[in-house]
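There are two complexes below, and they share chain A, which is joined by chain B in the first and by chain C in the second.
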Partner chain A sequence: MSIEVRNLRKAFGTFVALDDVNLDVPGGELVALLGPSGSGKTTLLRIIAGLEPADQGLIRFEGEDTTDRPVRERQVGFVFQHYALFRHMSVFENIAFGLRVRPRPVRPSDEEIRDTVMGLLRLVQLEALGQRRPSELSGGQRQRVALARALAVKPKVLLLDEPFGALDAKVRKELRRWLRRLHEEVHVTSVFVTHDQEEALEVSDRVVIMNEGRVEQSGTPEEVYERPATPFVYGFLGDVNLFHGRIDRGRVKVGASELDAPEWAEARDQAGVAYVRTYDVELTPSSSGRSSIETIVRHIRAFGPVIRLELDRVEDGGSVEAHLPRAQYDKLGLVKGQRVFVSPTSVRVFAGPADGSAARIA
Partner chain B sequence: MRHNSRTVLPGFGLSLGITCTYLSLLVLIPLATVFTKTAELSGPAFWATVTDPRVVASYRVTFGASFVAALVNTVFGLLVAWVLVRYRFPGRRLVDAMVDLPFALPTAVAGIALTTLYVPNGWVGGYLEPLGIQVSYTWIGITVALIFIGLPFVVRTVQPVLDDLEVEVEEAAASLGARRWQTFTRVVFPTVAPALLTGFAMAFARAIGEYGSVVFISGNMPMKTEIVPLLIITKLEQYDYAGATAVALVMLVVSFLLLLTINLLQWVARRRLAV
Partner chain C sequence: MTTAAVFRSATAAPRAVTRATGESRVVRWLLISIALVFLALVLLLPLVLVFNQAFAKGLPAYWDAIVQPDALSAAKLTLLTAAIAVPANLLFGVAAAWCVTKFEFRGKSVLITLIDLPFAVSPVISGMIFVLLFGAQGWLGDWLFEHDIRIIFAVPGIVLATTFVTAPFVARELIPLMQEQGSEEEEAAIVLGASGWQTFFRVTLPNIKWGLLYGLILCNARAMGEFGAVSVVSGHIRGETNTLPLHVEILYNEYAFAASFAVASVLTLLALVTLALKTLVEKRMAS
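Moving on to the complex of A and B:
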C-alpha cells in the first residue's frame, strides 16, 4: 500500500507546521521522518493517520484519495510514543481490541481472535505475558504490545510516532533492530517519526529529512548521508566542520588556505561555506600544501577506536573537530598544545553565508 | 531484631495513635452516644418507633430521593468533568469554580432559592406547571435540592482521573476502528468507573444526611414529603430524645451498610483496573 502526500499545508494559529509538503512512500517500505522538534514530522504523521485534518492538500493510499476519511476507516495502525495502552485491560485484551470492536458481521469468532492474538504475542515475543496488565510491563514490552495491537487489525499502513522516544538507550537499540526484522517479516508499509539520526539511518529503507515544515531531502540512508542536498541536511546528519570563506573559480579561500571546489568553477568571489565531515580530514605535522589549515591541539579524547580531537585555528581561533582512527593517531603522537596542519580530504561547498556564529554544528 | 523493624517511613505508631484518638473524639464517641441513648428504649418500644408508618415513609423518601439524586449527579457530574477536562473555552475557570458553590453556600439559602424558582408561579415552575409537572412540595423537589448539594462530589472525584486519561488513548481506540460510543463504553468508562462510584457514594451519603435545603422545598407533608432528618428534628422538638436517636440509629446502620457495599464494589473495580 503506497502513500502519496500532495501539497500538504497545516497551520496552528500563526505557526505553519507543514508548508507545501510532498512525499511518496512506496508500498512495503519502511520510511523514517527525521527532523528536529518543531519540524512538522509528527503533524505530518498524524495527518496521514487522519488524527488531524489538513488545511490543504491530498493524502492518497494506493492512489485512492483518503483525505477526508475518518481515522477509524483508514485502516492505519498507529503506535504512540507513550504507548497509549488501555490500562484496565490485559495485554491480550489490548491486542484483541481492534477485532472486538468490529461490527458483528465482520467480527471474527472468539476462537479466531484468540489465534490471532496468540500469533501476535509470539511475533512480539511476549507469549507468556498475555494476562498481565500494561502497568506490570517494562517500557520496551509495552511498546511491543502497542505494536502488536496496531498490527492486529491488519493495517494497510503502520505509522509510528517516536516509537522508541521514551525508552532508555540500550532498549532503544535492541528494539529498533527488532523493528527492522519485524518489518522484513510482515512487510507492511511503515512510516516512523524520529529525531534521532542514527535511528533513522539504521532502521529505514528511506529517510525523509524535514525542517521547519518542509521536506529538505528524501532518499536512501546512503544517499542522504553521502550526498546531502542542503546545508541543513549536512549539519543534521553527522558531525561536520564549517569553514566560511569566499568562492572564486573553483576554489574556496578560507583565510590563508584554499580548498578545491570544482563544482563552483563559474563562481566569482562570492560568499560560501565549506562543509567538511569530522573524519574527512588529514592531519600532518607540517604544511602539506595550499589546503592545509594551521591549528593547535586543544583537547584530546583518546578512548575507543576513534580518537576525537578539538583543534583551534591559529589564524582566527575558530574551532575544528577531527576524528582519527587510533592507528593514525598513535603514529602522529599528538599532545595537547602541539601545532598540527589539517587538510580536508572531502569538501562540500554551499553558497551564501551560513550563520557565522556556528563554527561547527553537530 | 530491632533494626529489622526500622523503616524509611518512621512515625507509624505516632501518626496512627493520633489518627485513632482524633477519629474517636470526632466520630466514634458521638456516634456511640446514639447507641447508648437509644438503649433507654425497651425492645418493643424501639421497634414501634422505627417501624411507625410515618417513619417508614420517610425512609423511603430519604433513601429513594438520595439514590435518584446521586444517580443524576453521576451522569451529569461525569459530563461536567468531561467538558472541564477535555475542552478549552472562555470562562472555563469560572465554571470550574462554580462547581464548588454548593459546598460553600448555606444549604438553607439553596433551599429557599430553589423553592422560589420551582413554585408554580416561579421562573421555572411557571413553565413546568402547564405540563402538569409540579416540583416544589413534591418528591421531585426534594430530589432537585439533593442534586444541587451533591453535584461537586462526582465532578471533583472524576476530574483528576479524566485528566490522567490521555487523549492518545482515545485516538488509539479510534485508529483501531472503534466508534465513538465503543471508545466510551470500552475505554473511557471502565477507566473512570471507580472514581465515578466514589463520587456516587459521596453524593449519596451527603444527600441522606441533608436537611437545610430540603425542608424548604419539600413542603414536609407527612407520609409524602417528609425526610428522615426532619422527623428526627421533630422528635427532638418534642423532647423525645430516645425516639430521635432510635430513628437516627436506623439511618446510621443503613447508611453504613450502603457505603460498605459501595466500598466493596469499588475495591473490586480497582483491582480489575490495577493502575
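Moving on to the complex of A and C:
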C-alpha cells in the first residue's frame, strides 16, 4: 500500500518539528527516513502511524485520506525503538496480542492464532523461545519479537522507529541484512527511521533525508549519495571537505588556488563553498596546476586498505582530510610534517555560506 | 595443609576489604545500639504494653470486651467504612494516576498537588471541612435538613471523611510507577488494534498490579485506623457512629483500661497483618 504525505506541519509549543513535509512511499518499498536527531523523522513516523496528530496537512494510504482515522483502524505495524514488548506476557502471547484483542466476529480461533504465531516465530527464527518472557531475551531477540508482533496483524504498512538503535554494532549488521531479506519475503510497504547513514544506504530502496523538520532530498541510495541536492545532504552522507571561496565565471577561488565549477559559468563574484569528498583528491609532491592546494601532513592513520591523512593548509591552517588507497600511499612515501599538494578531482559548489541554509544548486 | 592455606587466604581477603571500606568496631556497635534502643523504646515496648494491658484482667475479660455489643458495632462500622472508602480510592487513584502519567494537559501539576492535599492538612481539619460543608450551620446544612439527609454525626460523614483522608495512598503509589513504565506499551497495544478498555485490562493493569495492591493495603490500614477526621464528624454515638479507634478512646476515658486495650489490641493485630502483607507484596514488586 502506498503512502502519500502532503504539506504536513507539526509544532510542539514553539518548536517546529515538521515544516511542510511532502513524501511519497510507493507500495511495497522499503524507505529510510534519515536525519540527525531533532530533524523530525520520528515525529513524521508517529504521525503516519496515527500516534500523534498533525497540525496541518494530510496522509493518504493507497490514495485514501486517513488523517482522521483512529490508530487502531489504520492497520499499521509499529516497531518501537525500545520494542515496548508487553513485559508480563510470554513471547508467544506478545505476538498473539493483536489477534486476541479483535472483536469476537473477526477473531481467529485459538488454533488459528497458534498457527499464525508459530509461523511468525519461525520467520523470526525464535521457535524455541515462545514461552520466555521479554526480560529473558537479548536485545536482538527482542527486536525480532517486536517485528513478529507487528506483522501478526498483517499490517498494510510497517513502521520502524530506530529499529537497530539500541543494539551493539555486530548484532546491528546482522539484523540489517535480516530485515532486508525479510522485506523481500513479506513485501509490506515499510518505513524506518534511522540516524545512521550507512544503515539507510545499505538497507533501503529509497532514502529520505530530513533536516530541521524539512525533507532535504529523497531518492535511491545511489542518487542521494552521488548527487546530493543540498549542502546538508553532501555533508551528512559520507566524509567531505569544505573550501570557502568566491565563485566567479565558472571558477571558485579558494585562497591562491582555483577550482573548476562549470555549472556556475553565469556567476559573478559571489560567496560559495566547494564540497570535496575525502576520496576525490589527488596528492602530489609538487604543484600540479592552478587547482593544487598546498598542505602539510599533520597526522597519518595507516591501517586497513584505506589510509586516512589529516593535512593542514599552508595558506590559512584549515584542515583537509584525504583518504588514499594503500598502493598510492606507499608510492608517495609520505611522512608526518612533509609538504604535499592536494588536487580535488571532483568538486561540487554551492552558493552561500557553509551552514547550508537554503542554499540550492544552480 | 593445602586446605588450611586455601582457607586462610580466603578469609584474609574479605577482612582487608572491611577494614578499607567499613567503620571501626566501636562506631559500628554504637550506631547499631542507638538504632536498637530507639526501636525498642518507640515501637516494641508500646506493642508489648498494649497486649500486656489487654490481658491484665485475664482472657475472659479480654473476650468480653471484644464481643460487647458496642465494640462489635464499632468493628462493623469500621469494616463498612473501609469497604466503601478503599474501593472508592481504588477507582480514584487509578483514574488520577492514569490521567497524570499518560496524558499532557494544563493544570497537571495543580492536580498532583491536590492529590497530596489530604496528607498535607491535619486530619482534624479534614473533618472540619465536612462539618463546614454538611453540618447544621454549614453551607449545605439547611438544604440537607429540609430533605432529611443526615451526613454529619452519621455514617455518611464518617465514610466521606475517611475517603478524603485516605485518597492519596493509591494515586501516590501508582504515579511514580506508571511514570517509570511510560506509555509505549499502551501505544503498542492500540496500534495492534486494542480498545481503551482492552489496553487498560490487558496491558496497564497487569503492569501495575503489585503497586496497586501495595497502595490498597496502606489505604485500608489508614481507613480502619483513622481517628482525627472521623472523631470530628462522628458525634461519638455509641453503637451507631463509633468506629474502633473512637471506641478505644471512649473506653479509655471511662477508665475501662483493660477493655480499652483489648479493643486496641485488635487494631494492633490488624496493623501487624498489614505489615506482613506489605512485606510480601514488596517482595513480589521487587521480583
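The rule we apply is simple: the second predicted complex is superposed on the first by the 354 of 362 C-alpha atoms of A that agree within 3 Å, B and C clash if a C-alpha of one lies under 4 Å from a C-alpha of the other, contacts with A are read in each partner's own complex, and residues count from 1 in each chain.
One rule holds for everything that comes next: a residue touches a chain if its C-beta (ideal position, glycine included) is under 8 Å from a C-beta of that chain, and two chains touch if they have at least 3 such contacts.
Worth saying up front: this structure is predicted, and the values here are computed from it rather than measured.
Undergrad: Label the relationship between chain B and chain C on chain A in the superposed model as either fit or clash.
TA: Once both complexes are aligned on chain A, chain B and chain C clash.
Undergrad: Classify the contacts of A:V145 with the two partner chains as first (chain B alone), second (chain C alone), both, or neither.
TA: After superposing on A, A:V145 lies clear of both chain B and chain C.
Undergrad: Output check: A:V203 vs chain B and chain C. Expected answer is one of first, second, both, neither. What do you get?
TA: So A:V203 meets neither chain B nor chain C here.
Undergrad: Figure out whether A:L121 sits in contact with chain B (first) or chain C (second), or with both, or with neither.
TA: neither
Undergrad: Examine A:F86 and indicate which partner it touches, taking first as chain B and second as chain C; both and neither are also allowed.
TA: both
Undergrad: I'd like to know which partner A:V349 touches here: chain B for first, chain C for second, both or neither.
TA: neither
Undergrad: With the two structures laid over each other on chain A, which partner does A:S135 touch: chain B (first), chain C (second), both, or neither?
TA: After superposition on chain A, A:S135 lies in contact with chain B alone.
Undergrad: After the superposition on A, what does A:V76 contact: first (chain B), second (chain C), both or neither?
TA: Once the two structures are laid over each other on A, A:V76 reaches both partners.
Undergrad: What part of chain A is shared between its chain B contacts and its chain C contacts?
TA: 49-51, 71-74, 76-78, 80, 82, 84-88, 97-98, 101-102, 149-150, 152-153
Undergrad: So in the complex, the part of chain C that touches chain A is made up of which residues?
TA: Per the touch definition, chain C meets chain A at residues 184-185, 187-195, 198, 202-203, 206-207.
Undergrad: Contact residues on chain B for chain A in the complex?
TA: 166, 168-169, 171-179, 182, 186-187, 190-191, 272-275
Undergrad: Residues of chain A touching chain C in their complex?
TA: Chain A residues touching chain C: 49-51, 71-74, 76-78, 80, 82, 84-88, 97-98, 101-102, 149-150, 152-153.
Undergrad: In the complex formed with chain B, which residues of chain A make contact?
TA: Touch residues, chain A against chain B: 49-51, 70-74, 76-78, 80, 82, 84-88, 97-98, 100-102, 133, 135-136, 146, 149-150, 152-153.
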